[in-house]
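Look for chain A in each of the two complexes below; its partner is chain B in the first and chain C in the second.
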Partner chain A sequence: MHTLKLLSAFFKVNVQMALAYRADTVVNILLNLMWLGWELLSLSIIFNNTETLGGWGIGELIALLGVFRLVNTMMIALIWPNTEKFNQSIRDGSMDYTILQPVNSMFLVTFSRITVWRIWDLILATVLIVVGVNMSGGTTTALHILTFILLAITGTLIIYSLWIVLIALTFWFTKFDNNVTILQALMDAGRYPATVYPVWLRVIVTFIIPIAVATTIPLQALRGELASGQILMFVAISVASFWVASKIWKAGLRQYSGASS
Partner chain B sequence: MPPTISVQQLSKTYQVPEREGGFGAAVRGFFKRKYKDVKAVQQVDFKIERGEVVGFLGPNGAGKTTTLKMLSGLLHPTGGGANVLGFTPWELNPEYLRSMTLVMGQRNRLSWDIPAADSFLLNQAIYRIPDDEYKKTYKELDELLELEPLMKKPVRNLSLGERMKCEIAVGLLHRPKVLFLDEPTIGLDISGQARIREFLREYNKRTGATILLTSHYMADVTALCERIIIIHHGQLKYDGGINELSHKIAPFKLIGVILAESNSHDLSKYGTLVQNEEDWEKQYIQVKAEDVTRITSKLLADLPIHDITIADPPIEDVIEQAFNS
Partner chain C sequence: MFLIIKRLWQVNWAEQWQYRANLIMYLLYWLVSPIIYLAVWTSIAKVKGDVNGFTVNDFTTYYMVLLICDQITSNIIIHTFAYKIQDGSLSGELIRPIHPMLTNALVNNVAFKMLTIMGLVPVWFILFFLFKPDFSSVTLAGVLLSIPAMVLAFFTGFLLSAAITSLAFWTTRVYSIHEFYFALILLFSGQFVPLTLMPQVIQNITQYLPFQLLIYYPVQLILGKLSAEQITQGYVMSFVWFGISLLFFNWVWRNGVKRYSAVGA
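What follows is the complex of A and B.
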């Protein structure tokens, strides 16, 4: 309950910041409208010219795009701005105040900046997923949709954990501005279904670089291609990676408090 | 009742990377780092009772901020212990964090682009302050600091003094029992300093909060604190009343002189000449406080004086002098 209150407080402050400068606000609205138009245009090109890719039908591809967008929105609306703020706060010392607030510091670092303009992206992604699922035919069952949602969450959690580990490294390196660039590079590999890659690359994309877990894997669940053992495994992996990430985060905080002056 | 703050043998040693200047050294340093141990705080002991206002003094790099950071929980000590309000600070117990505050004069907590009122509300959410309590506290702070006219402007449009008022207020919204203030008046003009000082005194009287503050301005300390703690090179040098300190250190004054003509006159016969890098135009003479009147009139009589000032020596110099001798 308190978490929700806090989230809404952060959201409000970010809306206030987004509206602080008039010209900037107008430019942002125009830019985002342009982006939306461009996105719709490129989607229509994909719609009209693609039938299948790597054995996936058009409906499934659209749903995959939707899931990719969802994860990508998380990157743009949360991870990028918060990484920027985080890197800056380590250098200018405002991290001190973050640590001394009586709220989980990982939570603060994750949600204190929100690019509110990307709300449209969230809506577009949801529409794509719904449309894609509908188009892929009547084979999906409620159970498949549920596992799809579950695996989308666990996949997001895995990417999130990876991010936490990457920014926590900054506690040791002091300067590590490329932390989020690395994550973005890994992310971009998840744009296409993992099955289009050769097997060796697929293994890397799925496991070593666990981005596909948030895109391809949920879609496979939607298609009913995953055994319950596999589903359990992904859930377990995500819980484990979140656990490891928060341990590393805590160790990072200790390092920070051990080294800063 | 146990003391609000108690510190035993508190120590902090930093490892600082070190290398010579120059390109070759930078490359060598990349492959092989050398570290040097810096003893920032060494076996410091003190106790502070509830409601005390204590000035924490020492020259730059003496270990003041390091100590404050350990007491607020930001830094783990490398030795010794501390207890504040029954908590070990660096365990960062949320209950502890809700009952203390750290205000650093050179850091910002308020968001730059939006009015302070918005940041205040965010802090209300973070510290889980119920609405009625928030309103009450805000009203009190407004009474003392005259916040209302500042609340509606974006923080970037506030003057330094106005911003500092808001920074202090936002740190007090949750009614902390212990205040750690690191240079709360830094950069402010005289009236700004006085206002913050007045506020802290009144706040302490009203709430009984315990305050530990560092400052470069002697006036802050003399106006607020009956007790001071001095550290130098990380070691505790003095802990006691402020009046006893001025007895302990010979009370000096600085006479600053600009001569109308050339600077060829020898001023050293009037007192000890003191270097001042910030104001090279003026020559400074250090004299005993009881001799000030006599020497000043002698200077005025003897020399073509263009400008003359009498001031307290900077606190850093007093301390430096007292403990280096």
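What follows is the complex of A and C.
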């Protein structure tokens, strides 16, 4: 309850910040629609030249685009703005105020900045997923859809954990502005099924920067390609990575020594 | 003038060298998309034998050469200049007797380019061994012909980006306009896929825009895919668009500077 109250307070503050730049917000939404148009056009160009991409049909790629946009929204609405604020707070010592507050510091660092207008992207992504699943035909069962949702959540949690580890490293290195660039750089690999990539690229986006775990894997669950053992494994990995990330975060906090005093 | 350029080069080279870690990240960021497109299209060509006449090797060579051409013809002017108009730090440069955009910013871009190309070379050879493209269609003449074409394309692209950056004199923030411009390049330059695989409508519009000169034309030149007539036509277009973008930039800049309000000064 306490957490929800805090979240809604953060949300209100960020809505006010966004309202100060109304024109910017409108332009951003228009640009977002433009990119959606481009994404759909590029899919149609691909499927004008082929019936399947790595065995996947256009419906499945539209659903994949939806999942990709969900993860991407997390990146843009939460991870970018909060990383920027976090890096700044380590350098100038304003991290002091965050730690002093009687709330979990990881929670504060994750949610204090929210790019509010991006919320509508979540709706768009959901529409894409629903349309895509419908287009891909009748073989999907309710169970497949449930595992799909489950694995989309666990995949996102894995990427979130990686982010926490990356920014926690700043506690040790202080000036480490590039901490999330690598995550951002490989993001685009989530647009297409990782199964079409050459082996080395597939290894990178699955094990090192696990974008595919949050995009390709849930889609494979939707197609019913995953055994129950594999599904359990991904759930276990996500819980474990979240646990490790919070441990590293705590170790980082102990390392933090302030900047000005 | 030569001495000024030399000094500017020393300063800008040192400045860019200082940020080499950033540079590697930029390179990584910029490498990902072409490699993904390469993977997607070669996987389709592998299944079908060819896509509209494009074999696996055609796609591989296309994107491998694209990596080089894009690096040479692109620029980062929006990231290194727009903020100077926004926060007023352009004032100091305006009182110098040299053009801020056509000397300092230009040299800075070339220095940046040199460093990223140095970074690209080893990466390119790793990719070469991973994808093993067959470059037998490449001729020395094609490579030599592509060099002036890419230099012209770089200047055209630079002037267009500089003009768009200069719109900040009116709007202060130009990143949204630039994002739109970036989408146009993606659509009409051949970055996503060889232009002949694009829908006919887009191919028709492309003829009247400068963007294919940035990527598609030099790539095809190097790969030896163009007839003598197409090469001449490309060069004529290159010069025409260079002239147009020069006039366009000059016009925007001259009117823009008059409106400059030196924020923060």
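FYI, the second predicted complex is superposed on the first by the 224 of 261 C-alpha atoms of A that agree within 3 Å, B and C clash if a C-alpha of one lies under 4 Å from a C-alpha of the other, contacts with A are read in each partner's own complex, and residues count from 1 in each chain.
Heads up, the rule we're going with is that contacts are C-beta pairs under 8 Å (C-beta built on N, C-alpha and C of every residue); 3 or more make two chains touch, one makes a residue touch a chain.
These figures come from a predicted structure and were not determined experimentally.
Engineer: Touching A:Asn28 in the superposition: chain B (first), chain C (second), both, neither?
Structural biologist: In the superposition, A:Asn28 contacts chain C only.
Engineer: In the overlay, answer first, second, both or neither for which of chain B and chain C A:Gln88 touches.
Structural biologist: neither
Engineer: Based on the superposed arrangement, let me know which partner A:Thr141 touches: chain B (first), chain C (second), both, or neither?
Structural biologist: Neither partner.
Engineer: May I ask you to decide whether A:Trp38 touches chain B, chain C, both, or neither, giving the answer as first, second, both or neither?
Structural biologist: In the superposed model, A:Trp38 contacts chain C only, not chain B.
Engineer: Once the structures are superposed on A, label A:Thr181 by its partner contacts, choosing first (chain B), second (chain C), both or neither.
Structural biologist: After superposing on A, A:Thr181 lies in contact with chain C but is clear of chain B.
Engineer: Classify the contacts of A:Ile46 with the two partner chains as first (chain B alone), second (chain C alone), both, or neither.
Structural biologist: The second partner, chain C, only.
Engineer: Can you list the chain A residues touching chain B in their complex?
Structural biologist: Per the touch definition, chain A meets chain B at residues 2, 5-6, 9-10, 12-13, 16-17, 20-21, 92-94, 96-97, 99-103, 254, 257-261.
Engineer: Using the touch rule from the top, collect the residues of chain B that touch chain A in their complex.
Structural biologist: 14-15, 40, 65-66, 69, 72-76, 90, 92, 94-95, 97-98, 102, 104, 107-109, 111, 113-114, 118-119, 121-122, 124-128, 154
Engineer: Spell out the residues on chain A that touch chain C in their complex, using ranges where they run on.
Structural biologist: 24, 27-28, 31, 34-35, 38, 41-42, 45-46, 48-50, 52-54, 177-178, 181-182, 184-186, 188-189, 191-192, 196-198, 200-201
Engineer: Quick check: in the complex, which residue numbers of chain C touch chain A?
Structural biologist: On the chain C side, the touching residues are 21-22, 25, 28-29, 32-33, 35-36, 39-40, 43-44, 47-48, 51-52, 130-131, 173, 176, 179-180, 183, 186-187, 192-193, 197-199.
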